[in-house]
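Two complexes follow with chain A in common, the first pairing it with chain B and the second with chain C.
Entry: the complex of A and B
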């Protein structure tokens, strides 16, 4: 590969990583404004960020919402995938497309459709509004990873268990389930990440008391630019990268993305 | 009850979720787009009117927003395609040992929230940001360049968001291409550029089409990046929709705007795919003669 080509590739890597690097660098800024390069090294913005109710409450909301969404969407994804992969009925391709539809529908459309529908049925409880929405948008990720695991499964293993007299329940829990565990875990972790990062659906469903962390950062950004956002963002970057590495190890990040 | 029908029953709970929380709400949204909208009134007045669509498609302001959205989406798709092809080709050529970590470096940012990445761009492009600081330091400018809260900032931010999608789409196609193909072309005397243009690009064309389709759709419907980097005055459809629902409270008009946005997205993709298929067919037919010449 020629030098010019490698230089272009190098610049593209700088482009990809620069916005993340500057956020981490600014988070250690001792100054009061977001200037670059920082005037000194300090953890003060981390301490300040963690003293603000806005961030702390939003982080707590995002964590329970992500965990609950992942916990609920995992069994739903499992049911959908087993039904598609092992059931014998016509139209299974169409059914798969139907289950992946929440992924294919633009987030803002899901957000406003749920906003008007919740209003129509009088559902006002923000935590419940968010939870239902996040289960909807995260369960296709489980469908995708579990289906990928099931398609790689050697059918002779299940047939052997059935021939040897295992009941359907026993066959599932003793043979199928252990073999597709990486897909289930990857789906759940990815669901958590996607729930945690979501903006276009959440923004229409939060209220004054219930805010998720990306929405809290967005509203804070409207009036402030101080490095406390960088501190919170850096914590999110570290957390996301840790989960990315975990996903890469247990399942492969490209497979999780379905590409 | 047989085992197979028990398995078929498993699909009922997830199907109910999609039907209840996606299909019904989207149909209700569609219905809402035909409601009469009265500015300043919160309650919805049922009815069937094309007023909202008439305003969206024939008022020069809204038509301008629609064209700006389309123009930005096409521009970012084209940019992402060129840059993404470089990266994907590099990842295809690089040795197996480095491929995993270098691919991970491109994909991992997808796991980091949009708001965090947009904030990173604010630090870089802001009036007191990295770029302005550097340009001042080398003495090129006295006054900061205003780069934030513009269509340019949206282009930079969205290109950053979409690049991994494009790279992965193209790489998926490239990974199916035998490296021996490139070697054969080079053995026969083609230089690197000719090899890429005449051999690699056609073979990875399905990935290019898939990447462009995906990235264009994501651009048309991108919301957080345009709001954060373009500011509230941004003339793109998603920001307009957001304002109708959250600030102006004209829900029927916002619903109609969403319908128009999706309609335009499908229309453009339909035309694009038709053209691409025709072009690809012509390409394949022209091939033998070209090789003979």
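Entry: the complex of A and C
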């Protein structure tokens, strides 16, 4: 590889990673303003962030919401994917496009649509509103990852199982499911991340008592600009890095993304 | 009672007629090969016996009961797939035991049955390996053990040797033949390789465009092809159109492109009928001088000569027969003409015995 190429690659990395590095450095600021470079180093903003109910409650909400959304959208996605991948019925392609449609719809449109719809049916409970919305957001990701695993699965494996006497149910649990399990797990982790990170839909559905962490950061930012935001962001960076490493370690990120 | 019967089975895929009223009876313990080029319907036939493809018409019978609408997992069949389809997430022992577990057979005797199946294919000691840790030939043998361990009524083999290199392929042919004969299982084998079919089979069904062109023993198929297609597929490259001229002492006289050929046949042909003639390349003698013994000989000119090691093949043009070319194959050890003396352009004599000519009605 030539020097120029390496230099370009290096610059790209700097371009992508520099803001993250700045955030992490700022989070260790000892002063009261988001100085860069910081005037002194301390953990005080971490302690402060974790003492605020706003952040702590939002983190808890985001975690349970992500877990619940992933747990619900996985079985739904699994059933939808198997129907699309194995079924032979008219409108199969249309159904697939429909299931993946939320991926291509602007989040803000989904958010407004849900806000209006919830109002129409009188659904006021914020946790439930968020959960339903996040199942909708994560569902296309589960369909996408599980479909990718199913299409990589050699159909003759299922045929072989049938010739060996496996009924359709046994065939699924003994052959298909174990073989697409990495895809299912990866889809679940993905769904969790997508839910955790969501702003455009969530922003319409939170209330005073139920906030997700990105929304909490935004509302805090409206009246304050201190390094506690950087501290929370740094914690999220570490968390998502850990998840990405986990993904890479178990399945290889490339395969998970369906690339 | 036949172990496997197909009765007037038809199958279409869209506009393509994959099978046209195919009927076939396979005896118990018989090894039958479905032979033909890709797209001839041989794999479809096998998949219909397995229940992996549903026929549009006709019926399928296994051991005397109709199974046409019985799902695959309720048929007592074992199958070896072209890509083997070993379960990558299971060990060798678990792969072999899969059929036993699915069929609720032998819970206490399972380890014993798995071990003896693996011994049968000389893979004892490999129980705990995963398929990816085995060589191609070993994977092949696991697939074989997995397909026979639960004692199915019939084993179906879909071009299982296509992916192997030549030496391994020959060893596996031997292995498959020995194994199926030893356990006396009925086998249906699909291949496009005529040599493989000849080596393995009790009977061969040569298929073409969704029909069985000829069903017979390897010698019948090889020595007495009944259609031009079968003759061609079995490597009888010298095929001629002819017209019956007359009969002479129970032998047929045919006019083929200007020359008169004598042949013996059991076909009921009369003067004026059209027929095809086939002469296998190795049945033709090639000499520099006019041979004395067979009265029938033609002059020819060598067009090309190819040396294959054990054999040599020659293309010889026959000016007296409208410049038709013959492919002639000679075993180099037995060759009557010294090597190097058959350069292109050499004048030669070709001759054959009347018994070497096969007459086909179509």
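A few comments on the model shown:
The criterion applied here is as follows: the second predicted complex is superposed on the first by the 239 of 259 C-alpha atoms of A that agree within 3 Å, B and C clash if a C-alpha of one lies under 4 Å from a C-alpha of the other, contacts with A are read in each partner's own complex, and residues count from 1 in each chain.
Throughout what follows, contacts are C-beta pairs under 8 Å (C-beta built on N, C-alpha and C of every residue); 3 or more make two chains touch, one makes a residue touch a chain.
Computed from a prediction, not measured in an experiment: that's the story for all the values here.
Look at chain A after the overlay: chain B and chain C fit there side by side.
When the shared chain is aligned, chain B comes close enough to touch A:88, but chain C does not.
Looking at the shared chain after the overlay, A:77 reaches chain B, while chain C stays out of its contact range.
Looking at the shared chain after the overlay, A:109 reaches chain B, while chain C stays out of its contact range. Shared-chain residue A:128: touches no atom of chain B or chain C. Figure note: vertex chain A, arms to chain B and chain C, all at CA centres after fitting on chain A; angle 90 degrees, rounded to a multiple of 10. Of the two partner chains, chain B is the only one touched by A:15; chain C is not. For chain A, the partner that touches more of its residues is B, with chain B and chain C as the two candidates. In the superposition on chain A, A:159 makes contact with chain C only, while chain B stays out of contact range. For the pair chain B and chain C, the least inter-chain C-alpha distance in the overlaid model is 10 Å.
Shared interface residues of chain A (contacting chain B in one complex, chain C in the other): 168. Residues of chain B that touch chain A in their complex: 3-4, 6-8, 10-11, 13-15, 17-18, 21-26, 28-29, 32, 83, 86-87, 90, 93, 103-117, 119-124, 126, 128-130, 133, 160, 163-165, 168-169, 171-172, 192, 217, 220-221, 223-224, 227-228, 238, 241-242, 245-246, 251, 254-255, 258, 262. Chain C meets chain A in the complex at residues 50-52, 71-75, 77-79, 81-83, 85-89, 98-99, 102-103, 146-147, 150, 156. The touching residues of chain A, counted against chain B in their complex, run 1-2, 5-6, 8-9, 12-13, 15-23, 26, 33-37, 76-77, 79-80, 82-84, 86-89, 95, 98-99, 101-102, 105-110, 112-117, 120, 132-133, 135-136, 139, 143, 168, 193, 196-197, 199-200, 203-204, 214, 217-218, 221, 225, 229-230, 233, 236-237, 240-241, 243-244, 247-248, 253-254, 257, 259. Chain A meets chain C in the complex at residues 154, 156-157, 159-168, 170-171, 174-175, 178-179.
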